[in-house]
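I have a structure I would like to understand better, so I am pasting it below and will then ask my questions one at a time.
Here the chain labels run A, B, C, D and E in written order, and each chain numbers its own residues starting at 1.
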Amino acid sequence: MGSISEQKILVELRNVDKEFMKQGLPEKVLSGINFDVKEGEFVSILGKSGCGKSTLLNLIGGFDQPTRGELHFDGMPVTKPTRRAIMLFQFYALLPWRSVLKNVEIALEPEGLSKEESRERAMKYIKLVGLEDSLHQFPSQLSGGMQQRVAIARALSIQPELILMDEPFAALDTFTRYYLQDELLRIKEQEGTNIILVTHDIDEAVYLSDRVFIMDANPGTIRKRIPIQLPKPRDRSHSDFQYYRKWILDEFNFGQKLDGLEFNI
Amino acid sequence: MGSISEQKILVELRNVDKEFMKQGLPEKVLSGINFDVKEGEFVSILGKSGCGKSTLLNLIGGFDQPTRGELHFDGMPVTKPTRRAIMLFQFYALLPWRSVLKNVEIALEPEGLSKEESRERAMKYIKLVGLEDSLHQFPSQLSGGMQQRVAIARALSIQPELILMDEPFAALDTFTRYYLQDELLRIKEQEGTNIILVTHDIDEAVYLSDRVFIMDANPGTIRKRIPIQLPKPRDRSHSDFQYYRKWILDEFNFGQKLDGLEFNI
Amino acid sequence: MKYLSIFMYATVSFLLVISAWQLVIFFGDYPEALLPSPFMVFQGIISLIQDGTLFEHVRVSLFRFFVGYLSAVVVAIALGLILGRTTRVWKVIDPIVQVLRPVAPVAWAPFIVLWFGIGNMPAIVIIFIAAFFPVLLSTVSAVKKIDKTYLKLAQNLEIGKSSLLLKIIFPAAFPYIANGLHIAVGTAWIFLVAGEMIGAQSGLGYLIVDSRNALDLDLVLAGIFFIGILGLLLDKSIGLFEKWVGKQWGVQGS
Amino acid sequence: MKYLSIFMYATVSFLLVISAWQLVIFFGDYPEALLPSPFMVFQGIISLIQDGTLFEHVRVSLFRFFVGYLSAVVVAIALGLILGRTTRVWKVIDPIVQVLRPVAPVAWAPFIVLWFGIGNMPAIVIIFIAAFFPVLLSTVSAVKKIDKTYLKLAQNLEIGKSSLLLKIIFPAAFPYIANGLHIAVGTAWIFLVAGEMIGAQSGLGYLIVDSRNALDLDLVLAGIFFIGILGLLLDKSIGLFEKWVGKQWGVQGS
Amino acid sequence: GRPTPGENDVIRIGHLPITHAAPLYFTKEYEEELLNGAEIELVRFSSWIELMDALNAGRIDGASVLFELAMKAKERGIGISAVALGHREGNAIVASHDVDEVADLKGETVAIPHTLSAHNLLLDEMLQREGMAYEDVNVVEMPPPEMPAALSEGRISSYIVAEPFGALGVTLEAGHVLYQSNEFCPDSCLCCALVLRDDFMEEAPELADQFVEAYLEAGVRADQQTEESLAAHSNYLNVTDEALELSLGWITYEDLSIGEEEYEHLRQRLIEMQLSDQPPTYEEFIDQSYFEEER
């Protein structure tokens, strides 16, 4: 923790509110969101379906603007999406009409590289995610896990400072999910990219993050920030792991009794 | 365990093989499946995506016939789907053009009940799953968790001997999933229905089942049968729970090293 | 608010068309009889409204259209539901349909006159033909495309044949059938003009053809204008109908 | 195997049609001039083939069709891609399109002759009109319906405007555009007969009209037969084209 | 085909909206006076094809139709007879302003409404007179209403068609009259005929008699260029008075009998031009009994 707090602040939210119009009336989806993400940190945002996680991530990525409050990325106000902060979508957002290689190459187009440089860079990151044998396959010919790896390679090839992930592994089965989580940690170590991850999977949040932000719904607020002080790599069945797991579970059960979960599902 | 082994055998599979034609050639999807499910038992079948879980469940439900081997339900060969064994689908299979009440009522149509009797029976099971306030809502107006509860009410209203569940909670978020798992146990207790559940979620299998069958892929076989000897209700963060969890995880990690998981994802 | 903005945009486009038209006349220097000005067409429209013939033409055309279209829809959906479920019969019928479909209904005119005479019937029959094929094909393919889960569910619940057809297959296929209905309204309406060329003595198609024979191109354009407007209204109404059914059946938005 | 079975079913349906037809003649007792027998039509087909006119008619019709259809497709897709992205302009254009679309291309005949003369052009223009609207509308709605994720992705990657249009929007919209192309082939081909009625001296539509003029109903039916068969082939070819593009773009089955 | 004769005393007669069908209009206009009790229903068609379909199928009892087209139908075995002419003369050859003589048409496009028409025969006749072959011009069939526009835009150089389209072309200043039909074949350019279905005449001979008599009388009235007659014309034909008067000046309706000689000439022409193999003979096709009764 000590070393992180001295590092520079990458993302900064101050009293961020977001309202959407619903049947002509403004509805508050996010209310008074305040947090910082420091360089090098892996932060997870954990919350139930519909609590505003994706909305929050969209704001950070510049895809949408807050109704009130301030939002800075690397000290500058966020006004539109940039290549410095790349979003990784839940359903991968691969272009189904382009092969694996071309899906990565299109991301490099705006850099004005030569054909060889671009090919070389794409190949490097495709190798990094272990897909060098599927270069010319189309996304539909790949399993879900492989597709998400292509998306990761594409995001990394841009060499962004921040990757925003919106439930990136939710559509995969448990075993694939476990495997990709390990991969993600390995790649993050190697590339040093910052990651903000949105999820509703407690295990995933505990396994991956330096800090977990727990969100409440209606309107979306950050209820709790839990630093996960475990060494990496973590052991999912270790008792320390279970300690955090239970803590977070209790946080939600606590919320459940107050709100009456039965009517929210 | 003792009491279960004396009970009558409900489902019986003997050397069941299933082949599908793929580009003109037969491909073995299931090979030599052998198991019994006894009355009162809650059995989970756990395996990776594509290992043949759904195919197996379809055979048991009579939606498809085995290529070789024998399959009995309550002592009789299974030839077609019946109301005695109801399938619960992953995406609920609610009829989107019918309200909650009518979705349940259509299941009672073949019983030739009077309008009142049918309404009464439907109401009973809708209440059982706690949806009496949403009687006249359409599925699209309900959350995923509520939709699956309607499907459960519909299945129960038929009062079948067996319910087959194909990843019933996979599309729900973790919190809703936990909640519905508890509900399922409560209802099973109350109605005494037998359940065979297919899943790729280790926690789910351990939390719910009396026995877990672990499947391997290519071709699908049952590698291991693990009896979960824990009292119900179970505590997800208890160390005994973690013991089974780790056991199963290791089973899969073991498999992973042999098959080279990297190429299967 | 929303209707106001639609109205405003429509006004802009209307003005745009009128000015483009006037410009063509201005620069093209065509004789008035060959390319009437917007003002002449406006006068034509007014005169049609004043002497009441317009109302009569519209009434007759709409009558023919609805008789032809609705009967085509009923027959095509009923047939389509059955043919969609009987694969072998459909395989025999399909080639016939595929060869008949691309033939313009007008080409059948001699036979339509032979069997159905002149007057209302040819127009009704031609609209029937024009609407029949799109609805039939979309119904059959809708039935074939139904999510297999619904069929498995019905099997599992042991639901009877007629219940299956009416309570499961038809509503499940409906969104796609509705798409066919929508397309068919457009095609069928387009063939109104053709249908009313065969011995009809009234209707918008007759108005156009007859005015053309009399070289009253202002009335031709007036007829085109009303065909266009009514076609638009028909299209919108079927859209509203779809939405209404959707609401009854709990489908929101989509 | 698969083709053999298709062929068998087609044969059965062919025999079915012929027998039904012969039965109608048998029981209806119509003069041959009003309802020719299958055999007469067969003779008509043979004579058309033997004297080579059939080949010429088919060639001319296909030429007109392709010129009209392809130019409509190119213009409509290009326009549609742009209009689909410029919401305000589309709101002005939309009412015009909506009113023009339901008007039968034939109704424009006087103006088509005025601007495009006679011969090949009226047929080409009518086919153009018939194909233009379905393709334009399906392109615009395809562009509007594109999965928003693709647009977000493009924003995020800071992809340039032209790359966005050509490398993302067009391929993403293609499956739906292809659907419009498919519908348009059908509608456009149907209007071939109408188009070849205006001053054309050859083509399948002319063959039908001319034979009808000469009361040769056997040749009318022969013409209908070839229009049907060619329409079917066109439809299948565009289906194959769609599949081919799909394969290039990695879409399997769908 | 099974005829559907009009209910009771309704006679259904098909026609196109052209000046050539004027006797029909006058029959209708003076229906009460001429038909004592019977009723005539004029069914207007938009083209010859549709009219022939209805006539052949027995959906109308008779029609005022191109003579040559009716002969073709008879040849095909349709039970119809020609009982009177529609008119005499009134087929102008309209040419664009830069065509001064027939020779200027060489290689140019000429429009006719139908190959089986007097207009086609007229074209051939004209070309022969000038020592040209039919193939020297490019003949196209097109819908008459499109002809003035096509001429005006230079898409065609000349057209020959039923009235009022010739007169319309002239009044629109799209072209001028090159020749009138009577300059080529005085009294033998049979153009339109009134044909009746045989089954109609058999089933209701008195009605048919009555109708044809009325028709002939109507022809006489249509021929009078009085205010009243002009008004009657414009009740049925929606054209400018100018075009109508010009058009009526070119036509006569007085003698509508079909002479054997002129019919034979027409027959021969059809055979010469290979438009018909075995056109019906005078005896087979022409029913002049009405005229004989009168005389």
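Quick notes on this structure:
One rule holds in what follows: a residue touches a chain if its C-beta (ideal position, glycine included) is under 8 Å from a C-beta of that chain, and two chains touch if they have at least 3 such contacts.
Computed from a predicted structure; not experimentally measured.
Graph distance from chain A to chain C, where chains that touch are one step apart, equals 2.
Ranked by C-beta contact pairs, the top interface belongs to chains C-D. In terms of the distance between Cα centroids, chain B is separated most widely from E. Centre-to-centre, using mean CA coordinates, chain C is 17 Å away from chain D. A separation of 38 Å divides the Cα centre of chain D from that of chain E. Between the CA-based centres of chain A and chain D the separation comes to 48 Å, rounded to the whole angstrom. Centre-to-centre separation of chain A and chain B, using mean CA positions: 32 Å.
Shared interface positions of chain C, defined as residues touching 2 or more other chains, are 34, 109-110, 114, 212. Multi-chain contact residues, meaning those touching two or more other chains, occur in chain E at positions 1, 49, 53, 56-57, 143, 145, 149, 152-153. Every pair of chains meeting the touch criterion is listed here: A-B, A-D, B-C, C-D, C-E, D-E.
Chain contact summary for the complex, chain B toward chain C: residues 61, 63, 80-83, 86-87, 89, 91, 93, 95-99, 106-107, 109-110, 137-141, 158.
On the chain C side of its complex with chain D, the touching residues are 9-10, 12-14, 16-17, 30, 34-35, 91-96, 98-104, 106-111, 114, 183, 186-187, 189-194, 208, 212, 217, 220, 223-225, 227-232, 234-235.
Interface residues of chain B, counted against chain A in their complex, comprise 48-50, 130, 143-146, 173-176, 179-180, 200-202, 236-237, 239, 242, 245-246, 249, 252, 256, 261-262, 264-265.
Against chain D, in their complex, chain E makes its touches with residues 1, 48-49, 52-53, 56-57, 69, 72-73, 76-78, 109, 111, 114-116, 140-143, 145-146, 149-150, 152-153, 155-156. Those residues of chain C that touch chain E in the shared complex are 31, 33-34, 109-110, 113-114, 117-118, 197-199, 201, 206, 209-216.
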